[in-house]
Structure formats: structure tokens, C-alpha cells
Amino acid sequence: MIVHETELRVQYYETDQMGVVHHSNYIRYFEVGRTELIRRLGMSYRELEDSGTVMPITNVEVRYFYPARYDEMIRIKIVVKEMPKVRMVFHYEIYNETGKLLADGSTTLAFLNKETGRPQRTPEVMVRLLSGYFDV
Amino acid sequence: MIVHETELRVQYYETDQMGVVHHSNYIRYFEVGRTELIRRLGMSYRELEDSGTVMPITNVEVRYFYPARYDEMIRIKIVVKEMPKVRMVFHYEIYNETGKLLADGSTTLAFLNKETGRPQRTPEVMVRLLSGYFDV
Amino acid sequence: MIVHETELRVQYYETDQMGVVHHSNYIRYFEVGRTELIRRLGMSYRELEDSGTVMPITNVEVRYFYPARYDEMIRIKIVVKEMPKVRMVFHYEIYNETGKLLADGSTTLAFLNKETGRPQRTPEVMVRLLSGYFDV
Amino acid sequence: MIVHETELRVQYYETDQMGVVHHSNYIRYFEVGRTELIRRLGMSYRELEDSGTVMPITNVEVRYFYPARYDEMIRIKIVVKEMPKVRMVFHYEIYNETGKLLADGSTTLAFLNKETGRPQRTPEVMVRLLSGYFDV
């Protein structure tokens, strides 16, 4: 199992006239956290793309409990529970500074060959980086 | 049951370096369609907010099948299946110009009193506008 | 001289907690209008990119007079005053429904070869499309 | 004179299909840097808004020299050259990791009373925070 946390500050341009963060931005916060998790594994997502694999999203779910507000430092906790085969599932929880759970959710990502656009299995380099985290 | 369709053109700033629309923007497309659906009911969402009710999102789900591409006219089909009590559920399908289903999903919205931030039942004005669409 | 107008509706996700459209979105409105102007010339920007030319922005200026608000239909008026040689300059004015000037500005775009990334002169196809609008 | 620098990482959702950061996002990078500069003065922009003053943008200029790319750490350098009276001018330079100047620009912000929406002079609290940086 992989557990990772990233902090980021809510920006003004992410708020809407309800006075809180627009709900679409949580999907972007998920992406920020996911990028940092992948980097910590030992290979940035940029390097993965450069090596010929892209990871498009195939599924997103978000549940919103409390709104995030401008200038808050929020914490994005991500858990990967299973070794990916052809898809990789990330579970997210977003907390504010006081530790309140603002939202949770999940995303599923596929592995595609960048040139052909066809689905592939988890790239070998990724399998190696991930193998330490899971009982195989 | 309410069924409504809106068309919109994919903008350049909605694409990402994968060469397709970034997945977070589908949530925004849902919002564009939902706004037009509510307007067609006979009261814009702006008027609803001005009358003291806001409708924050409590749940989002999206499944992505094929990517939307720059400059395509996409079609957002929305179905509301049930008369809302304290929450209103919208079901979405996004199609491209050739009729291919690109994504589907749903959002759940609550009704909140704008001043107190507290949940409330569907406002009376909304109930009247909706009542013709549902067997009660 | 080319003069073109596009209308679009302000979206909720474009507002911020000041209760008005976030200033960065005017740059995106400019792009929406510019895309429609180019399409009216007889060739979409998508086709231009497909033919091997990209037009990155080299300069943006915006002056903000009054805020655009959620759900307003705004009008983007664009004027191109000169036949482009290596750069193309667009002048913008954004009006609300009542005809009030909300913002004006300009953008300068270069022509680049998509493969090499090197500057080039206005593509021949574009020169032909533009030539009717300017005394050469 | 105030000089301040902020670093941030370019996100995937900020790129477009040209393979680089969409030009509208530099305006948002300016905002991120400006927020951190104001915080360093001793009062966050959030506190300023809470105290009754908002600072809308009245003017933006950006010149784009080289594109920012996904996953780069960019550096936003901001200079404030003059003590603000009724407007505050920020000058920006954005550098990539190798020290290359990607873009520069400026924004002018007004001080408005949050309730009335009317222009006001620089709030007293801000004058005190700024006074050490300028020969008056």
C-alpha cells in the first residue's frame, strides 16, 4: 500500500462567487497530489510520458463534505491499495488546516501507449518502482 | 422526467498536453448544461441565488470513454429522473459531433439557505417549476 | 480591416469570491472570440494547426473598467487593423448586455512552424483569406 | 522598493495542446506570487479582504518570451517600485529552473471598499506595512 500526502495553498482564482473553492478544482488538487506521489516513487510523471506512456483518467468520483476556502493550506492524502495491472486506482482525502475532512474521492487511470493510443499493462519501470509497496 | 441538451464548442484553453480536453473540464461542461437546463425550467440559477438559495455540489461521478478534442461541438445531454426533495440529481452524457458517447456521469446538488448556509428543502418556486415534469 | 463580434455567456466557474469574473478569464474570452473570427475568415484555427502552423501569444494587454458578472451574455468585439507579416495583432473590446464597455485589450500572436518551432511569415493560405480585408 | 520571489511547480492542467503552459495561466502565476508577497509584508490578502478592502485588477500586461513547461519549477520575481496611493503596481518576471526569463509583465490593482465598491486610498494598515520599504 502506498500512502502519500501533499500540501498546497488554495488560490483566489480557484474560488467562485459562492465564496469557496469551485468543485471542479478538487479534481485538479487530486492531480497535484498524484503527481507528487508518483515523483516520490522515483520517477516523475513527466519522465513516464517522455518514456512513451500516458495515463489518462477513466473514472472520477468526488464527495464534498465541507468547502475549502481561499488561502487555506489544504492537505491531499492519497492511498493506492493495489498493485496496478492495466489500471491504477488512487483514493483521495482532502483536509483543511484544522484537520477537517473536506472531500474524498477516487480516480482510475489507464496506461496507454503514447504513440498508438492503445491500452497497455503497467510499464516495467513502474512495476519495479511499485513492487516494494505491495505483497505480490 | 426532465431531458435537456446543450451544445458548446471545446476551447483551446480546455485542452492539455495530451492533446485532448483535460478531464477536470467535463465537470465544468456539466455545469454549463445544468445552468441551461435550469434556465429552461423558467428561472435562471442566478435568479435562484438572488432569491436566497444556493445549490452546492455534494457528489460528482464521471466515466471517460473517449476524449473530447479542441474545436469540436459537443452535446451535453442531461436527465433529471426524480423530483428533488433535499437534493437534486442530474445525469449527464457528453457526445461529440459524430454522436459518439465521450463521457457520462452524475452530480448531486443540495439546496442551502444562502445566508445561514443550512440545508433546506427544494424552494417552493423550484417545486412549482418542476412539478409539471414529474408524476407526484 | 476586420471587425468581428462573438457572444458568450459567463459561467459560474469563471467567477471568484469577489462575486465577479476572475480577471484571468478575459484572456480566455479573447481567445474564444479570436477563434470565431479566424473561423469566419474561412479556415478554423484547428485547420491552421493541422496544416503545420501554430500561433502562440507573444503579448497581452488588458484594461479592466467594469466587472463581468455570472450569467451575463457578453459581447467580444475584435478588430484587426493591419495585414500581418510575422505577427498578427488583435484588438478587443468586451461589452455586457447593456452595452457597457467592461474591458479592452490586445494580443499579439506569432506564426511558428509547428515542427521546428521557428518563426515564419504569415502562411500563404492565411494571406489569401486575409487579403480581401486590407488594401495592400 | 519591495522585491520578492516565489517558486511554484507547473501543473498538467495548466498546459494546452501546444505542449506548453496556456498563456492565461501566467496571469494566475502573477496572482500566486503577489499573494505571497503581500503575506510577507505581514498581512495576508485574505486578512485585507476581511478588513473591508478588496484589490481588483485594473490593468494587466504580459510579454511571453519562452514557454513554461509541465512539471518545471518556475520562479516568480515581483518588484514594487513605488509606494501606492490609490493604485498599486506590481512588476513580474517569470524564470524557469535554468534561469531563463520566460515572461515579464505588470499588473495594476486598485483599492476598493468591499461594501460600497468605491475606490479608496491605500488602507492605513497597508501604508504602515509598506512604509519601511520606501523613502517617503
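Order of writing sets the chain letters: A, B, C and D. Residues in each chain are counted from 1.
Just so we're on the same page, a residue touches a chain if its C-beta (ideal position, glycine included) is under 8 Å from a C-beta of that chain, and two chains touch if they have at least 3 such contacts.
Note that the structure is predicted; figures quoted are calculated from it, not measured.
S.K.: Does A-B or A-C have the larger number of C-beta pairs in contact?
M.R.: So, comparing the two chain pairs, more contacts are at A-B.
S.K.: Measuring between Cα centroids, which chain is at the maximum distance from chain B?
M.R.: D
S.K.: If you average the CA atoms of chain A and of chain C, how far apart do the two points sit, in angstrom?
M.R.: 34
S.K.: Hey, how far is the Cα centre of chain A from the one of chain B, in Å?
M.R.: The answer is 24 Å.
S.K.: Could you pull out the residues of chain C that touch at least 2 other chains?
M.R.: Touching at least two other chains: 12-13, 18, 20, 24, 28, 31, 70.
S.K.: Can you name the residues of chain B that touch chain A in the complex?
M.R.: Those residues of chain B that touch chain A are 18, 20, 23-25, 27-28, 31, 54, 56-64, 67.
S.K.: Note which residues of chain D are touching chain A in the complex, please.
M.R.: Of all residues in chain D, those touching chain A are 11-13, 28, 31-32, 35, 44-46, 70-71.
S.K.: Taking the complex as given, what residues does chain A use to touch chain C?
M.R.: Result: residues 12-13, 15-20, 22, 24, 70 of chain A touch chain C.
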